[in-house]
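First subunit A sits with subunit B, and in the next complex the same chain sits with subunit C.
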Partner chain A sequence: MNSIHSSWSNIFIAHIKRDILTNSRSLLDLISIVGFMILIIILFPLGLGPIKEKLNIVSNAVIWVGLILAIIPSLEKLLQKDFENGWLDQIATSPAPLEIIMLSKAISYWLIMLIPLIITSPIFAILLDMDLKNIPWLVISISAGSLAISLIGLSGSALILGARKGNILLPILIIPLMTPILIFGVGVNEAVKINESPFGNLFLLLALTLIYLVISPFISALLVRIAIGR
Partner chain B sequence: MLYLEGLTVQRGNKIVFSDFNTIIKSGSITLIKGKNGSGKSTLLRAIVGFTPLEKGTIKNDKKNVFNNNEEWVNNLIFLDTKTGLSKDLTVIENLNAWSTMKGWSSNKENLTMALKSVGMDKYADLYISQSSEGLKKRAALARLYLSFINKVDFWILDEPTNELDKTSLVLFKQLISKFLKQNGTIIIATHDLTIVEDQFNILDLDDFKKQRVS
Partner chain C sequence: MFDWLANPNRFKKITNKLEPLLMVISLLFIISGLYFSLFDSPKDYQQGDAVRIMYVHVPSAWLASFLYLSLAVSCIFYLVWKHPLADLISSSIAPIGALFSILTLITGSLWGKPMWGTWWVWDARLTSMLILFFFYLGFILLHNAFERKIDGSKSASVLAIIGLINLPIIKFSVDWWHTLHQPSSILKFDGPSIDNQMLIPLSFMIIGFGLFSLYLIIINVKTKLIEKKCEALILKLNLKEIL
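Let's turn to the complex of A and B:
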């Protein structure tokens, strides 16, 4: 029994390695995410006009909304490629449960696509005139919330497998699920702005992340099984 | 022995086949034939456990295979027309990823031997995106060799020879003979009954359907 579980962790790591390797060969997805994010960050101040104070008020929310919108196009491809080339069929014949493999997919997506956004978020914050004391909290809240976002994205991506026009359906299905993450994520920094403790919002954000960490692999695995059974 | 008992499979509203019974002996090779759309692929996917059964059971000796699905899928290699190769990886990287996915140790020697068994060792570092269809198929068939190192009892192959040239077909036949000698069981869906030289059984889905009607 012990050896089975140790091989599960090996398989888990092997999947993450494969995903990182595949994505490192075609950086287009990553470039498009960061590029989209930069566009949002550039467009917003242009739309707001020249008054600097306005920017400070909305900067926190703009970064969060930008993050959610920027990753939507890449979420479609999260499982779609592997579904089309038959890899999902193959991993269904793996000794490791599909749930574990789905979790590895969410983690590798987070590592590949969201870590670069977390790293660059202080730059975006400075561009949007955010106070320096808020920036560490922004990074912390995005780090916690983005894992939940990738877990929700994974389930959404599994849901549209094999569906025609899935790319239109996906945002409509998953953005409502992301609203709690957005509310508490933004709430962390709003609390810091008015000199209150950000921990209430941060802990709720972490709690949400943990909930999705538990349920999302099961939902995704179930949906993948349905997709390959058709 | 693999017992398929009363299999009924439905896709959407259409019943692909109903009350299908057959016995597949261990160490034998079974070719499933039938015209397009007769349900060859669906039958294979049902045996692996992808397509859910409306009715019926599949037993390996006395055990219902889906009671312990992990043990069952671990005991077989399934190869579809969709090969599961990532086009962003090279031939050997794909094989390595597949082997670790199966929970098998993937040392380089074994992988190279596997590639050699289908004549792909020259192409180990070729990207799948740059490979021809035939090379892709051979890169996928290299997985079969790994079942001689790790314990696998079943090969379930869907149109494995479509894109192969004559030389690779010979190599494929060699793999099959070797696996049969180890008492492995092979189920192949194909139109071409000349792909196997060993003695084989035929499962004709068209005949089965005619009998059902009459």
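Let's turn to the complex of A and C:
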């Protein structure tokens, strides 16, 4: 039992290392996701007008919505490349459980794409004139919710694996699934704004993240098996 | 257990008899329900004649969620027991359910303008109904997005089962959150809180709508069965030519 356990964790770590390595060779993706996020943030002051009170009210929601929108273009590539060059076929024939590999995909995606967004989020908050006392809570809520976002994104990209025009379909499929994360994530900071305890929303957000953490690898593995016809 | 009905020929035989019967009964229910609800039911003491929108709004809302439930159940049947007929049924339910959910939203906003003073509010019931529509839409789009049709059926089935989580949210949204939408008055533990004069035409409309959508689904499934048969025939002919 112990040896099996250790070999699973070895597989998990090896795949995370592989994903980080392959992604670090093409930093363009990383730059484009942060750039896209900054552009979304820029659009709002242009649309609303540079009035500080208005921006202060919407800043929290804008950052969350921007986070969800910014990752959508990169989700397409999350499994597509591995699917096209046959890597997923190879992995599915190996004795290593596909669920573990899917989990490692989600975690490595979170480490590569979402950690930079979490780190830069205070800058966005200052750009949108958020109150200083809200910024730590923003970072905490985004850290709690972003793992769920990457897990949903993994299931979404597994759904469109092998589909025609999957990139157009993807937002329609995953944005309905993201709505609870958005509601509770925004709720954390809205509670802080009116001097109430943010922990209710934060715990619900964490609970959702844990639920997705359990379900998403299994769903994604099932969908990958469907896509490669096994 | 369900092998008996899953045979396409037997399904056809039964539905051939059922189809005209369903049409006649459902039209009878809908016409008499419309008469009762439009002419023979009392005005609401607050809402006046606008209450009559309810007789279309409530049945379509119920059906939109009930059809989603049956869609997901047949998707489970398809994924677990791999009956091809279950896939045909779920793909026939989807467009009808999508239409009912849109009808719910439209009639609701027509009622909302005179009553709430606004076409649309972002409360939990309305938003979750809109999300239900997007699940239907996603199911239809994903079902048709693949080169190999069987991939589309399987992926869309998984999506439909994931979307099942939305149904309890729709049902209990009016009890969990204090929203503008009124709480349910029919399916309650302590009996319906709606007067019989309104409940009877409403239940007529619900039964009529339900039977009519069953009729539409059966027509859809039969068309798809014929389509499949045509495809198989064309393949056979092509094969003969090659040989």
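The rule is short, and it goes like this: the second predicted complex is superposed on the first by the 229 of 230 C-alpha atoms of A that agree within 3 Å, B and C clash if a C-alpha of one lies under 4 Å from a C-alpha of the other, contacts with A are read in each partner's own complex, and residues count from 1 in each chain.
In the analysis below, a contact is a pair of C-beta atoms (placed from the backbone, for glycine too) under 8 Å apart; a residue touches a chain by one contact, two chains touch by 3 or more.
Keep in mind it's a predicted model, so treat the numbers as computed, not measured.
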item	value
Which superposed partner A:223 touches (first subunit B, second subunit C, both, neither)	second
First (subunit B), second (subunit C), both or neither touched by A:58	neither
Which partner reaches more residues of subunit A (counting touched residues only), subunit B or subunit C	B
Subunit B versus subunit C as contact partner of A:162, first or second or both or neither	second
Partner chain in contact with A:15 - subunit B first, subunit C second, else both or neither	first
First, second, both or neither for A:100, with subunit B first and subunit C second	neither
Subunit B versus subunit C as contact partner of A:173, first or second or both or neither	second
Which superposed partner A:7 touches (first subunit B, second subunit C, both, neither)	first
Contact residues common to both interfaces of subunit A (with subunit B and with subunit C)	229
List of subunit A residues in touch with subunit B within their complex	7, 10-11, 14-15, 18, 21-23, 25-26, 81-82, 84-87, 89-97, 225, 228-230
Residue ranges of subunit A in contact with subunit C within the complex	155, 159-166, 169, 172-173, 175-177, 179, 219, 222-223, 226-227, 229
Complex contact set, residues of subunit B against subunit A	11, 45, 48-52, 70, 73-74, 76-78, 80-89, 93, 97-98, 100-103
Touch list for subunit C against partner subunit A, complex	127, 131, 134-135, 137-138, 141-142, 145-148, 151-152, 154-155, 158-159, 162-163, 166
